[in-house]
Amino acid sequence: MARIGVFICQCGKNIESTVDTKKVADEMAELPGVVYSCNYRFMCSAPGQEDVKKAIKKHKLDGVVVAACSPHMHEKTFRRACEAAGVNPYKCEMANIREQCSWVHHDTTKKAGTAKSIDITRMTIERLKKNKPLKKISIPVNKRALVIGGGIAGIQAALDIAEGGREVILVEREPSIGGNMARLSETFPTMDCSQCILTPKMVEAELHDNIKLYTWSEVEKVDGYIGNFTVQIRKKARYVDEELCTGCGDCLVKCPFKAPSEFEMGLATRKVIYTPFPQAVPNIPVIDAARCPKIQKGKCGICEKVCGPGAIDYEQTDQIVTEEVGAIVVATGYQVMPTARFGEYGAGKIKDVITGLHFERLASSAGPTGGEIRRPSDDKVPDSVVFIQCSGSRDEAKGVAYCSKICCMYTAKHTMLYKHKVPDGQAYVFYMDIRAGGKRYEEFTRRAIEKEGAMYLRGRVSRVYERDGKVIVQGADTLSGDQIEIEAEMVVLASAVVSRTGADQLAQKLGISYDRYKFFNEYHPKLKPVETVTGGIFLAGTCMGPMDIPDAVSMGSAVAGKVLGLFSAEEMAREPITASVNTMICNACWDCVVACPYTAIEKEEVRNKKGEIVRVNAKVNDGLCQGCGVCVAACRSKAIDLAGYTDEQVYAAISVF
Amino acid sequence: MEKAVKETDEKLAEEKQPGAAAWEPKIMAFVCNWCTYAGADLAGTSRMEYRPNVRIVKLPCTGRIDPLFIIKAFENGADGVLVSGCHPGDCHYTAGNYHARRRWIGFKSLMEFVGLDMRRLHFSWVSASEAIKWVDLINSITDDIKKLGPFMEYRGLK
Amino acid sequence: MKLTYYPGCTLNTVAKQFDASAKKSALELGFEMDELSEWNCCGASFPLTPDNIMGLSAPTKVLAQARKAGDTVMTLCSVCYNVLKRTNKVIRDDTDRRDVVCGFIEEDYDGSIDVLHFLEVLRDRVGFEKVKEAVKRPLEGLKAGAYYGCMLLRPFEDMGIDNCEDPTIFEDLLKALGCEPVGFPNKIECCGSHLALGKDNEEIVTKLSGNVMQSAAGSGAELIVTSCPLCQYNLDGAQEKLEASMPGYRPVPIVYFTQILGLSLGQSETELGLDTSRWDARPLLKEKGI
Amino acid sequence: MMHKLAKDDIQSDILGQIERVSGEELNKCYQCGNCTGSCPVSFAMEIPPTKTIRMLQLGRVDDVLKANSMWLCVSCLQCYSRCPKAVSAANLFEALRQLSLRKGESHEEIKDLPFPFLKGAPQQAIVSGFRKFVS
């Protein structure tokens, strides 16, 4: 027979005013298995907790029910007290007679409140009788981290984790780290050169003893769970031996074949063996195999001939490497929305309609025009440029419903860069609202308007077309209420920030969720902004949604803090609310495997001594199981149960209802 | 002892007379820990008031709720049953409520088939912030079931 | 105490009662208003465009004359106060414009005078407590609406006499005199100002002043106190039209604050010129037993 | 109305002149509308203060000069006193009036003024009125 103690809290007057706690305590004392029952003014106070501990010892209690506030409030408090007095914490339950009884039933005769409290407490007692002592689960933690994506957020996360003394694997799918930030000319609102602040960080990441860099590589497969992930990384064939290459660049000079440069957004060409940009990290070229005549047809081979160290290897193939890590940081960044779907803006047809990222390259001193603003069609310096904000953003019909957040600021920056480079020029900006919510941002946009003479027009451009070598922009200025037509010489679209192509496939590999725009979902938008619902997998930067550099860097550092925190203990403790399979009953229908949202249930093969498979059954991985119990209800043979919420416990509670 | 017997008799007498003023329905609510349980807590911290007829069984997720729980509740004297969890898309466990919804649809048609008055069975989404919705839900279910009278068909099947 | 006083053109003509009541009250409160021996019109509007340097010459001339007599100059008319105070600030702070203006009017003036309004003198130099002590005939039960208009208050950074959105200096004075001051929403709105001159503006002036009067009457004011002759003129004009067009509208007397001050200090209704107002205040005062 | 907007509209001499005469920077205005909201006469203006400034920003000086707005401004300074950007619409209206008056075009003729007004009005009304309306 159980030896249960029942403690009814008055919570000052909070419970007592509508519940006769004395009566509840007296009734509970009559129940079988209850050996001690009392009421007290404040159970959660230090003396209240002491009373629980004393009663446990005095009456040799093996279970405790505290009828008081919501378990969300004080379950931890009382479980800790029980543990201190030698009772398993999971043999302590709370009956919620405050939030769900005394506070919602205002009958001061105490009739309704007392009756309901009696029911609630009795149900809890019956449930407790079926509680099993549980032990927190401990999981070993592999103290290495994987960072996917070598943009500024990923670099920051990698550097901070590495500085914290842990090993980091940094995987980047392009030939160089740097991401979109490497493309930017100057950064708002300080106008410092993007490359100048980014390059040192790239080099630091390359040289850091704790960082292992895999560029031109992609994550192929992820297995395991928090603390214990196994990751397969595809190192794409570079056709250049990374060990031998000295980065002298002779091959780039001598290669006779050109292709449009991805890094320059097609505004310039690169060679077929190339590094994306001069400051690339690592400074090791890659051969564009699809365009290389040697690889395709066996003709040429000049790069091999000029390579002093003999690093060219046309036979190289993709390699799969396996890394074991304890945490994964996803920082795969963004791309801009393809402009082709905006026919009314002439994108793709009119050469002088470009995106903001193109403009960044034009304005960059290392860019294709050496920093001069020249329009793509004829290299002319445009005497007027129209900037169109919200190109695809805040457009439910053809684009995305959200605000891309950075465009207001970078467009203001573009107008300034243009004005500095073309002092006689006139910049026009069509906007719907100016969203300048960051530190010194509002002042920055006002500077563009007030000091740098950018003409801001409040309205969405309706049409862009060509006439006599000019780009005609037709829109409205809703402030004056008039239709506006501008004969411009170049148009820059602030194209929406969208998720990377393939973000959904990566999310599926990782078992994390994403929204309808394929931005990855944080665990909680306010309180767990860098965690995902999958333990051990974290997010940083624009893969979660549009954000600017300061935010991306903050998140990179925040994530590093989370990862280092996870790595600070040898093992991590988890709530033991997990499912388990009774293998004797499991009929291997795999319904649970399909139902589990965490891929925590695997198919287990049981072999005999000879190694022959004698049975297959489901098996729950404690590391992955989050304790939702979906599998329990899905199991037709009742082979699975959930610790802490067993069928037995639920039925016991219902039985005294 | 005598007093207890008398009370039980009175209770039974009341239950046998649907519509008797003193009779109060009993409603069992199976709710998830993250949304509806927290929503019910909020009704308390906001000092709202609702009918005292509901008894809550907390589960981690509506996905954990076995249809048998509902039958068991009726068997043990429930006059109505409510299942409530997070809104679609808001599940703490990403998709548990979708499982619950799917299971619920099958279970509902089965119960309809065996002739259960569907006004005794309710399924709802109540988020952690929807205390008002919780209060309205409990009040309306209680009032509806009060009109239906006690549910005796499944009682004592065990 | 002797204070240099600049009356301005209106106080020597249509607003003589303003001038006379102030002078007499001042003596009773222990200071003398010493009118400038030589003065010219201030221009009646401060030139809003900074390039209109010519517009500064008349008020600068006044200031320069006053500086010769002392280090303060006091005004009664809100408009004069506004023009002189703002001009003085320009001359003090903007040496370029100062050089041009002073060169033109052949005066050596640097903006070192303090331009004061009579209200400021009462509040800051005499003190409302002293004023209260001097009251011989408390105006008990008189519900007086304090109408500030624009020129006394705005722009705040130049005028600085009181909070330009929520001024109280008038009400504070009225309280000292024993009145029951009535604040009303339109007390800092414009009366229509110089639009009084235009041939097509009558309707607008009537509307603006009418709004002020209706706002005041709606708040229970039985009498309006002002410090600007133009305000008085416009409000009076509007009341005439309201009386004609709005059944049930009862015009109220509009008087200068100095008249009310003089009354409380024991001056007679005739010497205060209360009999010359468009709407006679005497029946009201009689009714209140004052 | 279709308005063709070009560099010359925005970088025009006349805008520069208005800015110099008024002492105001047109670009500072971000069109919050407080001036129109505060203005006691905006109800009667053909182009209220906020929109006047907007049209000036767009270089539409002629349209603004044609409107009655500048003649109706009472210079009460409510607009300026509440402007979050410290722009004075009153100053701009005064500059626009100057632009017109300095060409010798009076808005009111002294001979048209009724005798009762001249006799009864305070001197300041006449003086300030002349300064505002007569070239």
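Residue numbering begins at 1 within each chain, and the chains themselves are lettered A, B, C and D in the order written.
Keep in mind that, in the parts below, a contact is a pair of C-beta atoms (placed from the backbone, for glycine too) under 8 Å apart; a residue touches a chain by one contact, two chains touch by 3 or more.
Quantities reported herein were computed from a predicted structural model and do not represent experimental measurements.
*Asks:* Along the graph of touching chains, what's the shortest path length in steps from chain A to chain C?
*Replies:* The least step count works out to 2.
*Asks:* For the pairs A-B and A-D, output the one whose chains share more C-beta pairs in contact.
*Replies:* Pair with more contacting C-beta pairs, A-B versus A-D: A-B.
*Asks:* Just the number, please: Cα centre separation of chain B and chain D in whole Å.
*Replies:* 71
*Asks:* As a quick test, compute the distance in whole Å between the mean CA positions of chain A and chain B.
*Replies:* The mean C-alpha positions of chain A and chain B differ by 37 Å.
*Asks:* Starting from the mean Cα coordinates of chain A and chain D, work out the distance between those two points in Å.
*Replies:* Computed from C-alpha means, the inter-chain centre distance equals 55 Å.
*Asks:* At what distance in angstrom does the C-alpha mean of chain D lie from that of chain C?
*Replies:* A distance of 26 Å separates the two centres.
*Asks:* Which chain B residues touch at least two other chains?
*Replies:* none
*Asks:* Taking chains as nodes and touches as edges, what kind of graph is this: line, ring, star, complete or other?
*Replies:* line
*Asks:* Taking the top-of-page definition of touch, could you list the pairs of chains it picks out?
*Replies:* Pairs satisfying the touch definition: A-B, A-D, C-D.
*Asks:* If we count contacts the way the header does, which residues on chain A are in touch with chain D in the complex?
*Replies:* 383-384, 425-426, 428, 446, 449-450, 453, 455, 457-458, 477, 479-487
*Asks:* What does chain D use to touch chain A in their complex?
*Replies:* 1-7, 10-11, 25, 27-28, 30-31, 51, 54-55, 57-58, 60
*Asks:* List the residues on chain C that touch chain D in their complex, please.
*Replies:* Interface residues on the chain C side: 8-10, 13-15, 41, 43-45, 47-52, 55, 77, 79-80, 150, 154-156, 164-165, 189-190, 192-199, 201, 204, 208, 211, 229-230, 232-233.
*Asks:* Hey, which residues of chain D end up touching chain C in the complex?
*Replies:* Against chain C, chain D makes touches at 20-23, 40-41, 44, 71-72, 74-78, 80-81, 88, 90-91, 94-95, 98, 107-108, 112-113, 117, 120-133.
*Asks:* What residues of chain A sit close enough to touch chain B in their complex?
*Replies:* Counting only chain A, the residues touching chain B are 70-72, 96, 98-101, 103-107, 112-113, 115-116, 119-120, 123, 513, 533, 577, 595, 597-598, 626-630, 632-634, 642, 645, 647, 650-651, 653-657.
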